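In the two complexes below, chain A is the common chain; its partner is chain B in one and chain C in the other.
Right, the complex of A and B next:
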């Protein structure tokens, strides 16, 4: 983006001073662009790219717990990870968790934004209330939900009991536990995504909505044919950060279930943690990390590309 | 981490390290100070700065977990301060490092980063793994320097603690706080159910019978459960080992880290007991309940009997409103419970000075007086028998009959589960028992699957040891 801006500026500049030769001009442009990018590139290299490279290298070596030294094993760690039923369970759980959290939280966020996008004092209060969960750190939220989820004596069971519904073991029943985690995540994130939609809604061309209204489109049609397409870049962005979140935020799993019961709530990141720190298997942990990062990269790139094409389509 | 102030302040002090090491350094420094003190105040003041550096108080880090509550962390900080004030050679920095698991993680991370803590209060069943990983040092040289032997040193500690303190026949940990599972029960509920509150169930038959009588139902709905126990990782493995040991089993091979006994009649019986209490008698809630959920239910009168650690004694005493009492874990074949708790270990990568300083601190912290005080404060039992000979301790036991029961049960204590890959091997069983608790598997299948998974995990070690033949 920065490079684009500079080149554009330079081109304009050139138009007024046609004496500079193109090649030198180009070289200078790149030098400038690089020097401007250098600080962030250095940070990225030191704290993002190098660790990624390091993880990939680590994934090719095995250091058996209690064995003698590190040795090169090629792709063996990857094979062991893929053969591990706990990894497959974690990957499947992560997929369910992704679908289960992203769809409802984005839908809710959009609904909240549509209801609250006009700036009135009342709306500001409600927005704050809805945004509040995203201010609570995930660890704190999970500790809070521990008391809400307590079977028999917890807040949730207390109120459900008044309605005559009882006997749920929210985080101790292997059929229910993952969905309790999903519920907590939706509660936590919907308000955050709402903010993006409120910002996005400010940019929906008012005249198009008015035109559609004049043409006799009802609310649903206006939403479907005018507002949603205009919000496409926002949606792509929100889905991207939501996807990253489902792979990188597992604090609630650590606090509430440690991946249990019987691995029912184990997610990829927590699996990696267990392999590295509980099972002393750094090679397997590195291989699982490499696989997760690759999946994350592919998914994010897909989303960003969709966002780009959506934006271009809009333009 | 140990820091040599001399090194940081005086660049030429590297060569002096030999001269100013240990006790000698103090004497030399004092003598120098004394002789120069006469030459004038100004000169002396200047020297205090330089020589206090050379006189090198050894600074070490001490990592400690507190699995229960915040007030224990404050008490530990107070103890460390007391140690620092009591002498001048060593200054200990106490670092609170979260749960048992977090403490292991942080100590290992610090060691990888080149700053290993000198002393760590470590969950006692991690010693085997930490020794295999080469993270902790044998304490035998320290014993030798004192002119004592392992046998003499351990003689004062309860016999059940010896196995977890030693790895491959060498001392690696000094027991500090220990616990066993204990049955807590609500005396009022016992009366209501027509049971004698002074005669808690001693056998599994009495136990199941009591649980059935104590369970209160409203049609299908259970208003009060006869029995509850934590089913989360770590706690569940410990309680299952209590039940299988009470059923005559051993759970694991105390002398060799490559064997566990999951697919055995003793473990199958324990798994079936849990299965029956949940699904057949319906006196225990299905699914997994966390320890906090179990104690909360006990306080709220929603559970009549609970199995928790003796380490919760103070916590229960402070929070339980209704009259309660404690009892041994019921037996089917014999009375037996596993030990739990933590011991003091020393990390590799220390200088000679900080190792000596660390050992000095370990010795102080594991003295009968300190252990007794910590035991009274927390509810853990003191690992040294001589701690119970102290007057304060006798008074305390006299005043707290529940602590007496916990102490009496020690006679039946067994070593704590520790193998190669302790956590993963334990989890192999826990995942399966959790499936039983959730009604997803029958006990027979569960113990078979647990054994298969555990054997798989143990194979690399077994191949390197018991099956490595000439």
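Right, the complex of A and C next:
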């Protein structure tokens, strides 16, 4: 037998008698495991762990663009970011954007799934149509919405006009622009979340629904007391990916509005992008990144805990 | 009651038809506008009715003003480069987590999963500095590098390997096959559904990605499809050439859209699979 084969046999044997394993074999398994994980670990170190450390350090220093002369400034960058009205607007907008996007898109996703979960030919076609926007690059969607949002003659105003309604200056009016971006995002993501609800609905116990029907529960009661609780893991998952999405996808803002008019559509990641890529303020970009990464971690850990407690309720 | 039973489904069909019409309208418009002649000015451009003799003029103009051939090539290189490396790293790491017992395994597994929260887009600023330090600024390799490891893919492969009974490996091990031969000849062929699902999700994500390539790439010769489209869009929008804008956008969406329509079930299943497992 080759050395490799010995290790393989050893590896496959571990379940039976781990205690009597000779030390040398154990060390060999460990070396093999480490070398298998090494390519991934190197990349994770460089682009996941290190950047978090790096961003905190960078946030504590001031580096003039182009020049050297980095100096320690303590929390000054954080103070500058927090004092920046553009940042505060971006944070507030992001909150509005999160609530305004997630609530309707998850509700629509659930409604679509309930309407379409039976596999008929009609439902299959409608599902495809609703899912399709999620495959399109966000940049391409933004390009199309340039025309859709065009005041007066664009797709939206043209057909609103046929209904006798008057549209807005969708992305030019600072009171409306953020909600136009919200609309685009709901259109793009609702069908994506729908497929998880359709999959989740396959696992809702039929007999419970039937039992509730026999007990005289109407459709709304069945939904509220039987179907929704059974779908809790799906909802927790969908809300988690939606939350990560609202903090990490700003392609449409970059293309359509550039955060404007007058910061009305500025979001956190777009603010960071601008500070780093256009204003070349490395300290501010790093401090803003540190804050948004903290928000991202808090949000995902919160979701994980909610999923955990939900799972315990299930069990 | 009986009336209800007939009317309710009919209302549902009507409502879902209306919803899907609204959802499909942007794409219908793209199709109509890109083939509609005389696209100057916007009046009448919004009509979704095919009231014209189709022309390819918009596509010709789009191809003249954007270097789409180059963009396709660069995006293809990025997407295949990322996927190729990922398939190796996730298979190796997935095998280690599924089949080897070693001290610190659980800790390392959680360390991997951290990438699901600290997603690369949130770390564009420090990652760009790392890319510059590595000498990869303004290169396609720089666009790919942060994605070479995938926590999600590792998790998917681990689950797939765990689902394969050990009998197959034991038989091969008795015959003296080394671990890598077992992975290659036994485990990977049986984990094909997971590999396909991961490939579809990965290719879709990176085909569509924009902000990170925009930060890394400077030289127009390295522009990817999404960067090219954003530049092109700015031009077409400024010139109010809506037909050309539609044609260019269609060119960018077409490859994935056609693949999707051909392998619809596979796509949807892959995304669901990835979501439920990941």
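In the analysis below, the second predicted complex is superposed on the first by the 267 of 315 C-alpha atoms of A that agree within 3 Å, B and C clash if a C-alpha of one lies under 4 Å from a C-alpha of the other, contacts with A are read in each partner's own complex, and residues count from 1 in each chain.
The working rule: contacts are C-beta pairs under 8 Å (C-beta built on N, C-alpha and C of every residue); 3 or more make two chains touch, one makes a residue touch a chain.
These numbers come from a predicted model, not from an experiment.
Judged by the touch definition given at the top, the superposed model places A:60 against neither chain B nor chain C. In the superposition on chain A, A:166 contacts chain B only, with no contact to chain C.
Applying the stated contact rule after C-alpha superposition, one finds that A:209 touches neither chain B nor chain C. In the overlay built on the shared chain, the residue A:150 is in contact with chain B and with chain C.
By the document's definition of touching, of the two partners only chain C reaches A:251; chain B does not.
In the superposed model, A:82 lies in contact with neither chain B nor chain C. Residue contacts after overlaying the shared chain place A:272 against chain C, while chain B stays out of touching range.
Greater residue coverage of chain A by touch, when chain B is weighed against chain C, goes to C.
Looking at the shared chain after the overlay, A:191 reaches chain C, while chain B stays out of its contact range.
Of the two partner chains placed by superposition, A:96 touches none, neither chain B nor chain C.
Overlaid on A, the two complexes show chain B and chain C touching the same residues of chain A, namely 146, 150, 153-154, 277. The residues of chain A lying in touch with chain C in their complex are 1-2, 4-5, 7-9, 11-12, 14, 18, 29-30, 32-34, 36-37, 39-44, 46-52, 54-55, 58, 112, 115-116, 122-123, 125-133, 135-148, 150, 153-155, 157-159, 187, 191-192, 195-196, 198-199, 237, 241, 244, 247-251, 254-255, 269, 272-273, 276-277, 282, 285-286, 289, 292-293, 296-297, 300-301. Considering their complex, residues 12-13, 15-17, 19-20, 23-27, 29-30, 33, 42-43, 45-48, 88-90, 92-93, 95-96, 99-103, 105, 108, 111-112, 114-130, 134, 145-146, 148-151, 154, 166, 169-170, 173-174, 176-180, 182, 204, 207-211, 214-215, 225-226, 229-230, 233, 237, 242, 245-246, 248-249, 252-253, 256-257, 260, 264, 267-268, 271-272, 275-276 of chain C touch chain A.
Residue ranges on chain A touching chain B, taken from their complex, read 64-67, 146, 150-154, 166-167, 169, 171-175, 257-263, 274, 277-280. Per the touch definition, chain B reaches chain A in the complex via residues 101, 104-105, 108, 129, 132-133, 221-222, 231-233, 285-290, 292-293, 296-297, 300, 302, 420-421, 423-424, 427, 430-432, 434-435, 437-438, 440, 457, 460-461, 464.
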